[in-house]
Amino acid sequence: MLPWNQELAGKLHQETIESALLRGNPLGDPHVRPLWVYTPPGYDSSDERYPAIYVIQGYAGHVGMWANRSAFKQPFIETADAVFAGGDAPGCILVYVDAWTAYGGSQFVDSAGTGRYHSYLCEEVVPWVDGRFRTIAAPGSRAISGKSSGGFGAMVTPMLRPDLFGALATHAGDALYEYCYLNEFAKTARALRDYDHDILKWWADFGGRTPFTKEYDQLLVLVLGCAAAFSADPDGTPRLPFDPRSGEIIPALWERWLAWDPIRMIDRYADALRSQRAIWIDAGTRDEWFLDLGAEAFRAGLSRIGVEDHRVHFELFPAAHGGIDYRYPQAVTWLAHRLER
Amino acid sequence: MLPWNQELAGKLHQETIESALLRGNPLGDPHVRPLWVYTPPGYDSSDERYPAIYVIQGYAGHVGMWANRSAFKQPFIETADAVFAGGDAPGCILVYVDAWTAYGGSQFVDSAGTGRYHSYLCEEVVPWVDGRFRTIAAPGSRAISGKSSGGFGAMVTPMLRPDLFGALATHAGDALYEYCYLNEFAKTARALRDYDHDILKWWADFGGRTPFTKEYDQLLVLVLGCAAAFSADPDGTPRLPFDPRSGEIIPALWERWLAWDPIRMIDRYADALRSQRAIWIDAGTRDEWFLDLGAEAFRAGLSRIGVEDHRVHFELFPAAHGGIDYRYPQAVTWLAHRLER
Amino acid sequence: MLPWNQELAGKLHQETIESALLRGNPLGDPHVRPLWVYTPPGYDSSDERYPAIYVIQGYAGHVGMWANRSAFKQPFIETADAVFAGGDAPGCILVYVDAWTAYGGSQFVDSAGTGRYHSYLCEEVVPWVDGRFRTIAAPGSRAISGKSSGGFGAMVTPMLRPDLFGALATHAGDALYEYCYLNEFAKTARALRDYDHDILKWWADFGGRTPFTKEYDQLLVLVLGCAAAFSADPDGTPRLPFDPRSGEIIPALWERWLAWDPIRMIDRYADALRSQRAIWIDAGTRDEWFLDLGAEAFRAGLSRIGVEDHRVHFELFPAAHGGIDYRYPQAVTWLAHRLER
Amino acid sequence: MLPWNQELAGKLHQETIESALLRGNPLGDPHVRPLWVYTPPGYDSSDERYPAIYVIQGYAGHVGMWANRSAFKQPFIETADAVFAGGDAPGCILVYVDAWTAYGGSQFVDSAGTGRYHSYLCEEVVPWVDGRFRTIAAPGSRAISGKSSGGFGAMVTPMLRPDLFGALATHAGDALYEYCYLNEFAKTARALRDYDHDILKWWADFGGRTPFTKEYDQLLVLVLGCAAAFSADPDGTPRLPFDPRSGEIIPALWERWLAWDPIRMIDRYADALRSQRAIWIDAGTRDEWFLDLGAEAFRAGLSRIGVEDHRVHFELFPAAHGGIDYRYPQAVTWLAHRLER
């Protein structure tokens, strides 16, 4: 396998979308966003309509990173293309959505801290794509897929908008917040000893120097960005859900995070989940954020509310959090066979 | 410094106590227990009465381990002796209490899972010592000190029995349970994949083979023992406070643990804490169980309820959880100056 | 800073070179290679000639990876462009050379195991660039730069060809082989227990499944590729320089590796090194391969053979092996000021 | 199993030996040493003579540490006693030898840096024991056993003195020095950045403060002590076999270490090794010093020189370097059956 760019059998359209909802967002991030739409082989020579799979990034990911290359493996754009080119699955349109923010991510939610990324995805990107490409514009023909924070987005977006999304794939998606976040809070409290226990002092420092030259920079970006997504003040100021010196949980703020824990959302959104045609759940057994446990809990929750087994693919596999991109085309294949067409 | 046994300036009395309260305990552990009592230099040649400092072990510790030796440092028995021999502090009686169980520890609480170790300590060991040694039998002259689980015991015993204990030293004591335990629960859930998600299957396996030949043995012993201490059924069966497959917290059981979190006990036992003459709190800044954060939270809680600053020694120092035994004689020195005599 | 593609002030020419020397190479890798040439701002509007800095990748890197993006930082193509656009240094041509092989890398040497990558670089790429771009085609105006295996290439290429290269920058370049490789050999011997102690069995397995799903895959690729570069048989078979069961060094083969240790090459190539106008050496103080020690040793060797201090920039900085790409434009700036023009 | 002291079936004699050879040793360590001799059940009621197994400690171990206790397992003194008490093997005398030094250990060699510990063991301890206990004073009835540095001592002592020792057991014994030591040298070079690259400055600091409060203290003690054992100057000053800044090996000094590598000693001492009745070799597959590879190399070397297979027990087992004391009584059992009686 050659490591350089491969010719696609389908076609990648590198578009730009102007968002009204993101205009004037609290971080001053651009409201004109890249949006990549992939059409499968045969798209141009037919007038067939296709299901669409929306693809979202993990934390600190942006749409441009889907083109990143390494040795010995191809980027998802190419492995997904190969699914259709090789006849493993019937053609789908893939929509690579950008929801990057100055904090690295948005968690694909509407928030006073970062902006209205959930609404932008659902109310702007979806219609924009449906208006310009030959999608089948119905929830049974529209899926969403992602890893890590993207897996979180893939779980919660269909819960909130089952009228739009009727299938999903979550790879090591954020869930069971006591296991994926509390450890990070503890480490954050320690890191902030260098910053008078004030994450905004760190943020100011971080912005004025080479990023990621302190070992805790990655950690603090994530925690700050999630605080912006889940527990910002009305004026947009991110509030940590814990005392920055001792790490003691501040219940009122932590409850706001927990309200976004997919596991704790299951019962509230049971109908939406029961309406999904296909739910792919996987994670690595050594995931550093224990998202394998989150996957187990999500799977168990689906059973509890009566989602039929045949609609769910569940798999734990030996891996940590990184290097699991080879799973994405597997989920695409599985979804492509289950989306309505 | 020679690494072999040193002659003590004081004297160590290796005694045995027969406990009525531990008789017939649920694990069938012996109710006749070793009890070591140290008397300081000068004890035999005077009729002076002395304050007493009770010393308890960390998890999986037993009284015999106080005699363990290594290179380049002396056991606590000798470093504590040196405090008095060198004149750094006025003499105290030290009482090395054994609260070992078949699970490794008892957390120094009364529990249906292990036995009545709190009552044994307070109602049997204390009077036994007071009856046989020239202690000053008053709370202002009686302290308790320990590390890790022993630090936990040192925090909660005076809360429960301020009529007995009026001073304490906690070195990296268990506190802020979401940080010290949840990580262990997550790892436990993973480890139990080898045992059909059943910790009692592991326990049966562990008992029938060489212990600690599986990497998770240490972890599971601790979690099982704490479950026995904090969330046993009335019949003594330890109950994990989480789903053993997904790790999902079982609130009713977890609440029983949290009821024993020293941080969450502060307000309930505010009067007891305010009655303490001297409270030493320390922990290593890299403690693997984040007990430095627990220490911060304990310190903050004491302030909140109005414990006067001059009664508290608080210190974080660069260290992990292990190798901090050189701190113990420092606390002994500090306590010895503050106990009433 | 926006994370998406930035417009360059200069221009990146994504070219292709057909190599005669790589044709029929032992691994069947392509002899037509990508070659990216960057021309600085002002290049098109003048007829000025420019020094050239050759840029090579680390192990398992290929030229396409220079375009990879992440959040919070720009790829080197853009940070290097910013050096010239911002006036920090006078313009240079940058040449991004590809020396990828099926084993992940070539170490930029001629070898029976992979092909003639050193000769391809020196005898084909250099003249090709000089023939098509307005370089100053003299060693004093031609530098080479890289990180890790690329840093190794940047050290040894000018030693071998001081007639071509008169300056270099090595970031965490492979050196002091007992520290950077022996640990890997030990771990390799362990990993090969799963493969009857035969790295070629692993290689066959690796090629037939998803790469990097075993924890040791990265390690074995590196060791196999270096064996192909440094100790291949005349027929191209890579030979491990150690017994694959015990790890015992096979001196005759290990000597062939050591002959390529930059530290051990210093005296043999002292004249070449003394001819360099500028030598940048840096590394992170926590480098996982101890390349900070390699950097120290290289620096000390240069002093020993009489390279003048003012020609050398030496710096250790707090970092591990990864995430140090922000150093590259610093070296480019420094070199750009020292190259002859 | 109760964790406190068990009554032995045999008897432990805690003796003291006055050594002439250690008198005036370079570190001023005591020449009067503890020496523990265990006699098996039945010893006192018979006049039988017994084979003897000499037991030596790992680095920084001293004889007093054999009495250390923990939970869930017994000290070797008791598990070895159980071998004989339970009838698993015929009785042996066990001799617990102390070779501690101010640097933590002596490696059981004669050295200008620490003293004549090899001679003390062979020329003083052995005759002392034979003179006072009913041993069978012949090499076929005398074994030596140890772990880590003690395993090293157990390998080399019989090589040097096959007239005294005719059997051995090495558990994770130091061997294949490039794998067990070079990594430590690299880390040492880094640690010494805090001490002007001078290990004696660290030693002075270490001696004046609480030991092991710096993360590298353990490492530096080991490296310094081994330098004292293997590459001291004639006046006793330990010399590091590498440049303390860059880690570059100093061949003349490193050769002195390698002369003590059991693997490199095999051919020189082939006759001695072929004279051994029984050789037990084991190690954990994850040993942090790669002593599993050393074990493999030692085993392979024995084959190469023609040691018969039936005389060798070789075993790798899943473990790291620590927590493998349960192996010791297994080797004692195996040896007890093979020693001449």
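By letter and in written order, the chains are A, B, C and D; residue numbering begins at 1 in each of them.
Convention: a residue touches a chain if its C-beta (ideal position, glycine included) is under 8 Å from a C-beta of that chain, and two chains touch if they have at least 3 such contacts.
The chain list, named the UniProt way, goes like this: A, B, C, D = Enterochelin esterase.
What you are looking at is a predicted structure, and each value in this text was computed from that prediction instead of being measured.
K.L.:
Return the chains shared as contacts by subunit A (Enterochelin esterase) and subunit B (Enterochelin esterase), ordered by label.
P.N.:
Shared contacts of subunit A (Enterochelin esterase) and subunit B (Enterochelin esterase): no chain.
K.L.:
Select the chain at the greatest separation from subunit D (Enterochelin esterase), using centres from the mean of Cα atoms.
P.N.:
If we average the C-alpha coordinates per chain, A ends up farthest from subunit D (Enterochelin esterase).
K.L.:
Averaging only over C-alpha atoms, locate the centres of subunit B (Enterochelin esterase) and subunit C (Enterochelin esterase) and give their separation in whole Å.
P.N.:
That gives a centre separation of 56 Å.
K.L.:
Measure off the straight-line distance from the CA centroid of subunit A (Enterochelin esterase) to the CA centroid of subunit C (Enterochelin esterase), and report it in whole Å.
P.N.:
Spacing between the chain centres: roughly 35 Å.
K.L.:
Take the average of all CA coordinates in subunit C (Enterochelin esterase), do the same for subunit D (Enterochelin esterase), and state the distance between these two points in whole angstrom.
P.N.:
45
K.L.:
Among the chains present, which pairs are found to touch?
P.N.:
A-B, A-C, B-D, C-D
K.L.:
Tell me, which parts of subunit D (Enterochelin esterase) touch subunit C (Enterochelin esterase) in their complex?
P.N.:
176, 178-179, 182-183, 185-186, 189-190, 193, 243, 245-249, 263, 285, 290, 292-293, 296-297, 300
K.L.:
Write out the stretch or stretches of subunit B (Enterochelin esterase) touching subunit D (Enterochelin esterase) in their complex.
P.N.:
2-5, 30, 34, 60-65, 67-73, 100, 104, 210-213, 221, 318-319, 323, 326
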